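First chain A sits with chain B, and in the next complex the same chain sits with chain C.
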Partner chain A sequence: MNKLFFDKVIGDPLNRVDGRMKVTGAAKYSAEYQLPNLVHAVVVPSTITKGRIKSVDSKAALRSPGVLAVISHENAIKVPGNADNEHPTEPPTGGQPLRAFYNNKVYFNGQPIAIVIADTLERAQYAAGLVKFEYDQDKHVTDFELNKGKGVLPEKAKKDPKSSLADYDRGVVDAYKTAAVTVEAEYIHPTEVHNPMELQAITAYWETDDKLTVYDKVQGTKPTQQAFAKEWNLPVQNVKVISEFVGGAFGNGLHNWPHETAAIIAAKMVKRPVKLMLRREHMFYMVGYRPYTWQQIGMGASADGKITGISHIAIGQTSTYEEFTESTVQQTKMMYASPNVSTRYRILPLDVSTPIWMRGPGEATGAFALECAMDELAFALNMDPIQFRLANYTDEDPEKKLPWSTKYLKECLEVGAEKIGWSKRSMKPGGLRAGEWLVGYGMGVGTFGAHRGAAAVRGRLLANGTIIFQSAVTDIGPGTGTAMVQIASEHIGIAPDKITFQLGNSDFPQAPNQGGSATVATVGSAVVATCNAIKEKLLTMAPTAEKRFANAKMEEILFDNGQMSLLKSPSIKVSYTNILKKNSLTEIDIIQDAKPDDESNKYSKYSFSVHFVQVHVHPTTGQVKVNKVVTCADAGKIVNKKTAGNQLIGGVTGGIGMALMEDAIIDHRFGRYITKDFADYHVPVHADVPQIEVYFVDKPDYIVDPMGTKGLGEIAIIGVAPAVANAVFNATGKRIRQLPITPDKLI
Partner chain B sequence: MKKKPNKNTDIIVHNDSRRDFLKQSTLLTGIALTPEIAVKAAENQWDEKLAEAIEKIPLKLEINGIQKTLSIEPRVTLLDLLREQLHLTGTKKGCDYGQCGACTVHVNGTRVLSCLTLAVMHDGEKITTIEGLANGDELHPMQAAFMKHDGFQCGYCTPGQIMSAVACIREGHANSETEIREYMSGNICRCGAYPNIVNAITEVNKGGKNI
Partner chain C sequence: MNQFQYSRVTHSNAAVSAVSKEKAAMFIAGGTNLIDLMKRGIVNPTRLVDINRVPLNEIKTEGNSLIIGALALNGPVAESKLVTEKFPLLAQALNAGASAQIRNMATIGGNMLQRTRCPYFYDTTMPCNKREPGTGCGALEGFNRMHAIFGFSDQCIAVHPSDMSVALAALDASVLVIGPKGERRIPFTDFHRLPGDKPQIDTNLQAGELITSVTIPDNGFNKNVHYLKVRDRTSYAFALVSVAAALQIEKNTIRDARLAMGGVAHKPWRLTEAEKFLIGKPVSEASFSEAAKIAMQGAKAFKYNTYKLTLAPNSIVQALKVAAKLV
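Here is the complex of A and B:
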C-alpha cells in the first residue's frame, strides 16, 4: 500500500463526525421528527401470560378526550403479508414471528394486544389505561429451572447435521472423565435485557395508500425495508426507512417487533402519521433479551496441564412461537487445543417473548462457563491461569482445521498481564488484602468471528473538491460514520473535513444490519471499492487536464490531498477539481459494491480479546468493587483508537453489569417480570465503573478485508464476566457459578 | 369468568359539552374505531377548543432565554412539554421514572429530572436545556470536553450527562474521580462511556472556568 499523506488518518483519534450534533441536542432519533398532523400512540400489553382474549372493551377509552382510535385484533385492518402459516417478515431465527393484532391468542405476558391513538401523548396514555380485556386464561410455563429437561435440538440442526447448532464431537465423547485432573460444574446465566437508553420508537407515515415511510429504531434500514415491503405487499422502493441516529440497541434492533407493525397499522387506519415510543417496562418483554441459559462443563487435563477433553452442554430459553438460537458453545470448539471436545446445544420453549441477540450473543454466555471452568481447572492443577492457557494455545483452528487469518492472543496475554500487575496475584485465594478489603485478580479470554458481508456505497466527488458518501447502514453508537470518513480519506486522498458520510436511510445503497461486529469490514470495504472506482475514473479523465498523465498506470500515481501526482515526478500533478472542470463535469457519481472473496475461506477468521480484572471484595458485606480493568484486543488494524477504545470500555462496562448486577426475574405464578425498570433491574452506573485501560495489538488482517480490520464490538464484552467471577474467587475462595454475583452469594 | 355489566349504560358525564356528545355518539356505533364525524371533530379541534378553556391553565416559562407564554394541561410533565409541544427534543426520555437521568435539565440553574416534575409547577422559572447551553456557535466547555474525550457513543444519554456534569461542577461535587462518579450516578450510559465522561468533567473542573 502506498504511503499516503493521509495515511496517518487511519489510527488517528479523529473526533466523531457527528459529535457536535450529539452534544448540542441536534441529533434526531426516531421519535423526534415533527410531521404535520402527527398523533400519538400508546400500546397496551396483555396482563395474562397464555390464553385467548375473549373481549375488548374500548368504550371508555374512545370516550376519552382526543382519542382517535383503539385498535386491537377485533378491528385492526388486515395486514396483507400476514398470510396463515407463513411469516410476514424474514425471521432472524426460526419459527413464526408474532404478528400484531393477528388473532386473539396471547403467547406471553406483556404481549402488545391493543394500541390507542390520540392527539396528544397525555391523552393517549390516559386512554390506554381505560381499555379493558376479558381473557380465557390457560396454564402457562415460564420456569426454566423446573423444565430444563425438556430442552430440544433446534430445527436448523435437525435439518442440517453440519449446522453449527448441531451436536459436535471431536475425538472421544466425555474423554475428560479419565483425565488426571478433572472439573465438572454447572453455570447459570440469567435473563439479561439490552435496555438501550433510547426507548424503542417508531414514527410511521403513509404518504399515499401504497407508500410508507418509517422513522424507526432499527439496526438495519434495508432489512427493515424488506420486512415491511413483504408485510404490506408493497414494492420495496415504496417503503422508506430512516434511522439516522440510533440511541443504542446492542442487538434489540435486529428483529422487527410487533409494536412497529402496530404503529404502521394505526397510521393507516387514522390516516395520519403516528408516533409510538415504548415505555421502559415494555423494553423487558417487547423487544427481546439475552436468554436465561443453563450450562454444564466437564474438563480434564494431564498433570502437566494439557487439556485432554472438554464436554459442554448448553440449554437456552426461547419462546413457543420462534426458535431463537445462538452460538453459546462455539468458543469451546475452537479456543483450546483439546483432542476431545463434545458440545450439545438445546433450546427450551417457554411462554415468554422471543429473545434476540445481545452484544456478544452466545459467546458471552458460553465464555462465562468456559473461562470459569478454565480457571477452576488451572486452580485444581495448581497452575497460573495464563500459563494454563498458553499450554493449550492453538496455532490453527482445531475445529475447522484451518490456519488463523491472524491471531495475536499471546501478545494480548502478555501486555494485559503486565499492565494489570498480574505478578502481584496470589495463587492462594484470599491471599491479598487492601485494608479490610480482600483483593483478587482474574482474567477471561473472548473471541468472536471476524465476519464480513456484502455492501455497496455511493460516492459523489463534487466540483469543489468535497466528496459525499452514502450507505444505508445505521450507527448504533460505535462511530461508523467517523470510521468510514477516515477510511475514505486514506483511500481517496481527501482530508476528512471535506468528506461527508451519510447513513441510516434505506434510499442509500445496500448495507446489512449493524451487528455481529461486521460493519467496518463490510461497509468499509465498499468505501474502499468506491474510492478505487472513482480513482480509475479520475485517471481516465486526467489527460484532458494534464497531458503527461496520458499513459500513466494506476500504480504509478499518488492520490493525495485532493490531487493526483506521478510517484516518480511529483511535480507533475493535477487536482481533482481541475480534472472535473476540464472534463466539463459537475461531479463523478459512482456506486460500487464489495463482498468477501473465496480466498478468505481458506482461513479461520476470529478477533480475540483478554480481560484482566482486579476486584475488591468486602468480607463482611459481600460487596464487590471492580477496582481496575485492563483489556487487550486483537481486532486487526484499528481505524480510530478513540472510538474503538470507547467501544472496548463500553463492552467491559456491559460485562461488569452481567457479572455483578443484571438479572431479569419473572414471578412464575403470574409469568410476569417483576424487574421492569432501572430501580429493579440494575445496570452499571458511574460509581460501578473504574478507569478501564485498553490496548490494541493493532496489526492488520488483510485476509478479512482491505483495511486490515477485524470486528471489535462483541469481543469487548465476551470474557469480561468470567474475568470478574475468577477475580472474586481469587479474592474470596468462593466460586460463584450463577450470575450475577450479588453480595448475598458471598456472605 | 363473570360477565361484566354492559358498559354502554354507565356513561360518565363531566359536562354537557359538544365533546361529550361526540364521544358518546361513538358508543352508539358499536365499533372500536372512532367514526368519521368524531375524527373530523378532532381534526377541526371543536372539542379541543372547549377543552382548552376548561382543562388548560396558563403558564409562563423562560426557556433558554426566551419567554414562553403557554397554556397546557396540568398533567403535562416538563419533559413532555419540551419534547412534544415545544419540539426541544435534545432533552431525552429514557424511563419516565427519574431513574436514568436522560431528561436532566436546569431549572433556575439547578439540575432537575424533567420527567418527574410537572411543567405547571415551574411558572415564572428559568429552564435551560441542552439546546441552550452553547453560546451561539461556540460550544459550552463541557460540550467541547465531551467531544474531545469521546464521552458518549450513541449520544442518547449525552444531553442529560452534560447538563448533570455542568451542575455537578457548579455544586462543587467534582473534586475527585470518586466524587464525580458518586454525583453523576443518576445518569446512566448504557453504551458505557463512563470513564471518558469522568475525564471530561475532571478536565473542565480543572480548567477553572466559570461555567
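Here is the complex of A and C:
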C-alpha cells in the first residue's frame, strides 16, 4: 500500500478568511443586530407535558414596566399559511411541525406557549415570570423503555416500500442464528442535545406589512426563506433571511422551530423589530435533539471470520405530532460483505418535542451498535478487530450492487493501526496496564453518503482584478467561505486574497441547507461552474485586448495569477483587468448553477473514516480517560487541511462526549428534563480531550464532484463512540452497551 | 429574577446590621451560586448587601493555625504558599472544585454556603422540600443518581456540593462568625446540618450571622494527603463521590488519620470511626479496606445511586493509597 497518500495535517493550509472577524468580535451573529426601535422577546415554556391551556393570565405581566405585549394562542394573529387541521398528516414523513400559538394544545414539556415583548431584555424576562397559565392536564407518555414495543414503521416507509426507511432484507432473514459463532446484543443510545455554543436566536423585522426580514440562526437561508414565505403566504422574494455567521449548530438549524414563528408573530403585532434569543435550557426541548434510540443486533460468522448474517433493529424516539426519521441502520446495509442482512427501523412517538439530525445523525447512533457488535463478534472469534473487518471488506456496495466511486478504507485501517500503536494491543481484555490504570485499545469505522445537491453561485469579476462570489449557503463552522475561496482560486486563477466569498443571505443564489456533509461538493461545484463560465466569457473577449487569442480554445489556455496565457507560448498573455478595460466593461457578472450528473448514479458514493482510541480505565473508581485518538478519513480531495483537520478534531470531541458523558434525562413522572444545563449535561472539557491525530487519504473522487471532494463533517463523529466503548472493553472486559460510559457502570 | 435593593458595606458590623434589618436580605460576595439561584427564582432576596469591600480576604498564620478570611477567593487560596505547603489537602480540594473562572470569583465563605445541585431543587416546577417546604422530595422516587447514601431524611436526600468543605471537615477547621449577638466559633463539622424535617436549612448559622474567617489548626497533615474526586468528567463536574484523606505515618504505621467524604450526604461526611480504626494500623491496602468497611456502615442507597455503595469504599481505599504513596 502506498503511504504517500497520507499527510499529517500540517503544510500550508489557508487560514480562515473570516478568522480575524470571529476572534475580534467583528463577526455578527443573529442576536447581534441592533435595528432601530428593536424590542426584546422572551418565550414562556409550558410546565406540563400534555393537555390543554385553560387560561392565560397576563394581567400582571402587562402591568409590568416596559412590557408591550404578551402573546399566546389566545391573542396571537393568525398565521395565514398554517394548515387548518386538528390532526396533522402532512409531510415531511408524517405529521407536521408544531405551529406556534395555533391552539391551546400542549404536546410536550417546555413547549413555547407565550412570548413576552418588552423594551429591554431584563424587563421581558421579569414579565415572562409573571404570566400564569391554568391547564387541563392529560396523562403523558415519555418513557421510551416502557413503550418501545409500540414503535411503528414511519409513514414514508408505509407509502414507499423502496424507501431507505422500509424493512430491508438481503438473503435470508436472521441467517446469523445458524452461524458457527454468533453474538446478540441490545444497545441504548440516550437522548443527546446539540448544544452549540451560540444559542438559537432570531431578530424579526417587518419592513412593510408584507415584507419580512429575519436575522436567524439557521443552516439554510433559502429553505428558511421558503418556509416563512409559505407560512406567511408571501412571495418568496418578500422574505429575506440573513445568517451570515453561525456559532455552531450540529443540525439544530435544519428545521424551523416554533420560537422563530413566535418572534415573527410578535414583530408583526407590536410593529417593531423583535429579538429573541433562547436560554440554554430551551436548547434541550425547543430546537431538536438526537433521539433516544434502542437497537438490537444479531450477527453471526463462520469460524474463519466471514460474516454470514446481520440483523439490526433500531427504534428511535419522535414526537406525537411530527415524524422524525434518520438512517440509523444504513451502515449495516452496506459496510460488510454479509450475504444475509436484515434491518428494521421503527419510530416511537412520545409526548416529547421533535428530534432533529444531530451531527453524524442516525448513522452515528447506528454505528455505535454495529461497530460494537463487530468488536463483540471479533472477540468471540478470537480475531483481531481489524483483521475481522478486512475479512469482510467489500469492493462494491453490497446493498446497491454498485461499484464504489472511491473507497480507501483499507488504507485508513492500516495507517490508523500503525499510528495508534495497535500492535501493542492485548487480545485479552485487561492485559495491559500503565501503573494502576488498565489500558485498552479500540476502533470503530464510520461511513456517510458522499452527497451532492444542486446550487448556484454568482461571480463578479471586477475591473481591478478582484472577484466576489455570492451564495445563500451558511457556514455553521467548517470554514465554508475559506474552502470556497480556495476552490475559486484554483479554478479562476486569482490569488485567494483577491477573492471574496459572501454567504448567509437569501438574496444570494440558491444553496441547500448546510447539512449532511454536502456543502463543499454542492456549492463548490457551482463555484467551479461559475469560474468556468467566467473563463468562457474572458476567452470570447480576450481578442479585443490581445489579438493572438482570436482562435484560441479553452484547453489551450492557462488561467493563473489574474491573467490568461497560451500554454504553448506563455509569453502570449493578457490580464483579466486588461480584457475588461479593452471591452469597456466594469465587471463580468455571471450566475451559474451546477448539479450532479446521471453518470454519478452508476456508483455508490460514501466517505469513510476509522477512529482508533486508547483509553485508560481506573480499576476501582471506574474513571475513563481517553488517552489518545487517531482518526483516518477518506473524504476525497481535502480542500483545506487545516479546517478539515479542525472538523475531524471537533467531531472526535463530540464522539468522546457521546461515549462518556452526554445524557439528557427525563423524569417521566413529570415529562421534564432533569439534566438541562451545562452543570448537569456534560460535554467534554479540555481536560477530557487528549491528543487527536488526524490523517487524510486525500485522494480525489471525481465521480462525486469536479473538485474530487467527499463529505467530512459527519464521518468525524460516526464510529468514535464504539471505538471508545471497544477500548473500554479491551481495558476491562466490561461491555457497556448503554451510553454514556460513566464511572458507575464500570465498578 | 425578582426586583431587589442593593447596598454596599465596608465593615462586617454594618453588613450584619444591614442584613438583620430586613427579613429577606442576603449577603452577596462572589455571587457564583446566588445569582444563578436568583435568576431561576429559587431564592428571592429583597435586598443584597454587598460585602466584597469588607476587609476579610487575608490569608495568614497565627501560631500554628492557618486563618483564611471569608472573602479570600478560592483560586488565590489554593495557590497560596501558606496553604500549599502546610495544608495541601485544602489546595487539592479547592482545585477540584468548579472551573478556574469560578474559583477566581467564588469566596471561601460563599463556597461553604453554596446550595445543593439537586436538579429538583433547581427546577421551580418540581417538588422540593428544600426549596419549598411541604412540596415533597422530587429525588426520593426520582432521578437520584447524584444523591445521598448517609444522613438523609424522607424529606430530603440532597448532597452538599462543596469540595473545599470536605477538606475543611477532615482538617478540624472551625468557622468564625459575627452576628447581632457578637462573635462565635463553630466547629466545621457542626457548621452544616443534616436535612431532618427542615431541609430548607443547610447550616447552623443564625439570622444575620456573617462568616468572617475559617481557622485550620496545624495537625501536621501536610505530607500524606490526597483529595480524590470521582466525577463524570475531568473538570467542572460535581462529585459522584469524593474523599479527603490525610495520614501521619511513622515507620509504616499510621499515627493519625483524617477522613471525610463528599457527594454522599447533606453535609461533608467526616468518618471518625474509620479514622480511629486506622490509628496504629500498618500502612496497607488491607487496613484501608477495613477502614472503608467501617466508614460505609449505615449507608443506604436509592434506585439510581446504588453504585455509590461500591464507589464510596473503593474511593476511600484509593484516596488512602495515594495519600500513603502506595500507588
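Note that in this section the second predicted complex is superposed on the first by the 726 of 747 C-alpha atoms of A that agree within 3 Å, B and C clash if a C-alpha of one lies under 4 Å from a C-alpha of the other, contacts with A are read in each partner's own complex, and residues count from 1 in each chain.
Keep this in mind: a residue touches a chain if its C-beta (ideal position, glycine included) is under 8 Å from a C-beta of that chain, and two chains touch if they have at least 3 such contacts.
The structure presented is a predicted model; accordingly, all values stated were derived computationally and were not measured.
Colleague: Given the alignment on chain A, is it a clash or a fit between chain B and chain C?
Modeller: Once chain A is superposed (C-alpha atoms), there is room for both chain B and chain C without a clash.
Colleague: Looking at A:Glu207 after the superposition, I want to know if it touches chain B, chain C, both of them or none. Which is it: first, second, both, neither?
Modeller: In the superposed model, A:Glu207 contacts neither chain B nor chain C.
Colleague: By the touch definition at the top of the document, which applies to A:Glu32: first (chain B), second (chain C), both, or neither?
Modeller: First partner only.
Colleague: Taking the superposition on A as described, I'd like to know which of chain B and chain C A:Asp160 touches: first, second, both or neither.
Modeller: neither
Colleague: Counting touched residues of chain A, say whether chain B or chain C comes out ahead.
Modeller: B
Colleague: Just to be sure I read the superposition right, which of the two partners does A:Val685 touch: chain B = first, chain C = second, or both, or neither?
Modeller: both
Colleague: Check the residue A:Arg669 against both partner chains and state whether it touches chain B (first), chain C (second), both, or neither.
Modeller: In the superposition, A:Arg669 touches chain C alone.
Colleague: Could you say whether A:Val652 touches chain B, chain C, both of them, or neither, answering first, second, both or neither?
Modeller: First partner only.
Colleague: Just to be sure I read the superposition right, which of the two partners does A:Ser72 touch: chain B = first, chain C = second, or both, or neither?
Modeller: Only chain B; A:Ser72 stays clear of chain C.
Colleague: Once the structures are superposed on A, label A:Thr620 by its partner contacts, choosing first (chain B), second (chain C), both or neither.
Modeller: The answer is second: A:Thr620 touches chain C but not chain B.
Colleague: Using only CA atoms and the superposition described at the top, report the least gap between chain B and chain C in Å.
Modeller: 5
Colleague: By the touch definition above, which chain A residues appear in both interfaces, chain B in one complex and chain C in the other?
Modeller: In chain A, residues 126, 677, 679, 684-687 are touched by chain B and also by chain C.
Colleague: Can you list the residues on chain A that touch chain C in the complex?
Modeller: By the definition above, chain A touches chain C via 47, 125-126, 129, 435-436, 618, 620-623, 625, 660-661, 665, 667, 669-670, 672, 674-675, 677, 679-680, 682, 684-688, 740, 742-745, 747.
Colleague: Using the touch definition from the top, list the residues of chain C that touch chain A in their complex.
Modeller: 1-3, 41, 99, 117, 119, 122-123, 125-126, 138, 141-143, 145, 228, 230-238, 240, 307-308, 310-311, 314-315, 317-318, 327
Colleague: In their shared complex, at which residues does chain A touch chain B?
Modeller: On the chain A side, the touching residues are 13, 15-16, 18-29, 31-32, 34, 40, 54, 56-60, 62-72, 74-75, 119-122, 126, 132, 134-136, 195-199, 245-250, 269-270, 277, 279-280, 476-479, 642-643, 645-647, 649-654, 677-679, 683-687, 689-692.
Colleague: Quick check: in the complex, which residue numbers of chain B touch chain A?
Modeller: 1, 4, 7-8, 11-12, 19-20, 23-24, 26-27, 31-34, 38-39, 42, 47-48, 51, 55, 73, 75-76, 80, 83-84, 87-97, 99-100, 102, 129-131, 133-134, 139, 143-144, 146-148, 150, 152-159, 162, 177, 180-182, 184-198
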